[in-house]
């Protein structure tokens, strides 16, 4: 199965990010192909490298990064949603006159077309949200 | 009246930030005193300077900053909630080994005691959330 | 066999209280460029998205509701409104926006692609879709 | 007149699905240091916070439920559970954590400060509080 | 002085209004705002909740939120009062405390 | 092949399960996860919703979420099947598509 994941909520506030991560991990471990994880709405907040969760709790951002490294996952943050919520890479910082970036490694910022493309290319779209 | 505001949600995803801002502004314009606005849970995401909302929409972060400048408002971001969600000032960056900050001007990061103190000091606590 | 997919966008939230309605609309506008068969379903509080006369001046938020009227120009062919949701809210189709549609090639026109459907029909339409987007 | 305020923390969310339960608990722990009169109310899905036997190993999230047992040590004097909410969920007080309390000065002890109350009593308690915290 | 209860959720989507009505006392006030304003409309499956509450409580609706959603004053349940943000502030000022049913 | 419906909200707090049950067809499957798992318990005011659905649909509950919340298998409504994340993946694999009632 070739699948795409959509994540609509940020880490910690809702379980959606955790569920999406656990599902994606389980699917990859079963040998399925994950075409793309698309972060939309507050989901874009999964893509910041500035979090420091409590030591005795899971680190959701790092979980995504490690999964991406292991399986060469495509982690895409929606640009319009990211602009509203302050997720910035080098290019966005330059375009919008921001003096810092906060995007995590392995995440990339791109357009909504990436979600539509994923839905066209994949057998299944699985949405996690509030 | 001396009041305190608690904001539990981030900007844009929920109306809570907007409602809190409109209420605070209206109260200040009526001559009431706002002891503190305390940002908790995803509310801490109000305190990033990296947002670039669409030009034809309101800029919630800037709204808070301008209100703070006009009325010398105390905008406090909860440190524990901020760490989970990647809101960072100079001190936090140093403590947690982060290579960037994203806190907006006029916001400060502090402990949950600031919420309790506000509740003790004020006539009314007004909570905005999901 | 066409490689067009049947896309269904599920709208179940009221506007303004949360951003889902607006950001969902942004996806629909982008989907137009990909030449898929795009339908929208308005269920539960999602039916409130289509209510006419929205005026956001008092809350300082952008009024995005005029965009719904133009969806016919964005390759949206069907906007289904759940009958039960509408009735529970004391609304009728007269309270909702009218969305005209025209096929530029065939010159086929439809006065209003907003259509009230019952649960059985809606369940059928959801099942017939290839992809359901939820926000 | 005492300058202690009656604090009431309103808990209406299930644990884990959202973070409100946990972060609310963090506020309660901090409140202890301010020597106010602290009560908690568990209403709606908030009653699920107190269910024993929570085991989060399968979801990779921190199990914060053991903290509830210790609230008596954090100046919490009352934990009220809404009877209607409990019954609607098919739960009884036997499904919930037991929270002992002891006054170190007077040596007064209470076996369990978790108390099931009906709507009328709860409305009374909410009204008698000076500050209600909602999460 | 009595309490002000605030409800910002749609009565069709969440149970916040139900719990607020069950646990608010006679003589208290209820402010409907954000998606909570939908509860203030006559002729819906939720209308009876507010008409019932009006027997012994005051009910207000935040006009800016009401108008944003395209709702018309002539659909308002009789007895529900409109306030703007300044009126919201006055309600908070006048109450003994706020209970937010978020 | 039929659809998989996912519900992650408590039946006591939100209307997601109600709408899912109204708009899912006979022969489809429903997976309860996150706070949705509370709907899988016997002896609650919401139990009838699931027992009703079981007449013509399959209902699954995600065990890791169920156990996290301290719920016991002996309280599960008869006929509801437990799955883990791998089982969730299998359900997605086997269905024709997923309808998420977030």
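Brief remarks on what is shown
Note that the chains are named A, B, C, D, E and F in the order they appear, and that numbering of residues resets to 1 at the start of each chain.
Criterion: a contact is a pair of C-beta atoms (placed from the backbone, for glycine too) under 8 Å apart; a residue touches a chain by one contact, two chains touch by 3 or more.
This structure is a prediction, so every number in the text was calculated from the model and none was measured.
Annotation of subunit E and subunit F: jointly contacted by C, D, touch as defined at the top. Using the average of C-alpha coordinates as each chain's centre, E ends up farthest from subunit A.
When chain centres are defined as mean Cα coordinates, B lies farthest from subunit F.
Taking each chain's centre as the mean of its C-alpha atoms, subunit A lies 38 Å from subunit E.
Between subunit A and subunit C the centroid-to-centroid distance comes to 27 Å (mean Cα coordinates, whole Å). In subunit F, the residues that reach two or more other chains under the touch definition are 8, 12-13, 15, 34-35, 64-65, 84, 97-98, 100, 102. Within subunit D, residues 16-19, 44, 59, 61, 131-132, 134-135 each touch two or more of the remaining chains. Multi-chain contact residues of subunit A (touching two or more other chains): 8, 12-13, 15, 22, 41, 54, 80, 84, 125, 127, 129. Of all possible chain pairs, those that touch are A-B, A-C, A-D, A-F, B-C, B-D, B-E, C-E, C-F, D-E, D-F, E-F.
On the subunit A side of its complex with subunit B, the touching residues are 10-13, 41-42, 45, 48-54, 61, 80, 83-88, 92, 96, 98, 100-102. Those residues of subunit C lying in contact with subunit F across their complex are 10, 12, 43-44, 84, 119, 122-124, 126-127, 129-132, 134-135. Remark: subunit B residues 12-15, 18, 22, 54, 56-58, 63 touch subunit C in the complex. The part of subunit D that touches subunit F in the complex is made up of residues 13-18, 44-45, 48, 51-59, 61, 63, 65, 85, 88-90. Subunit E contributes residues 12-15 to its touches with subunit F in the complex.
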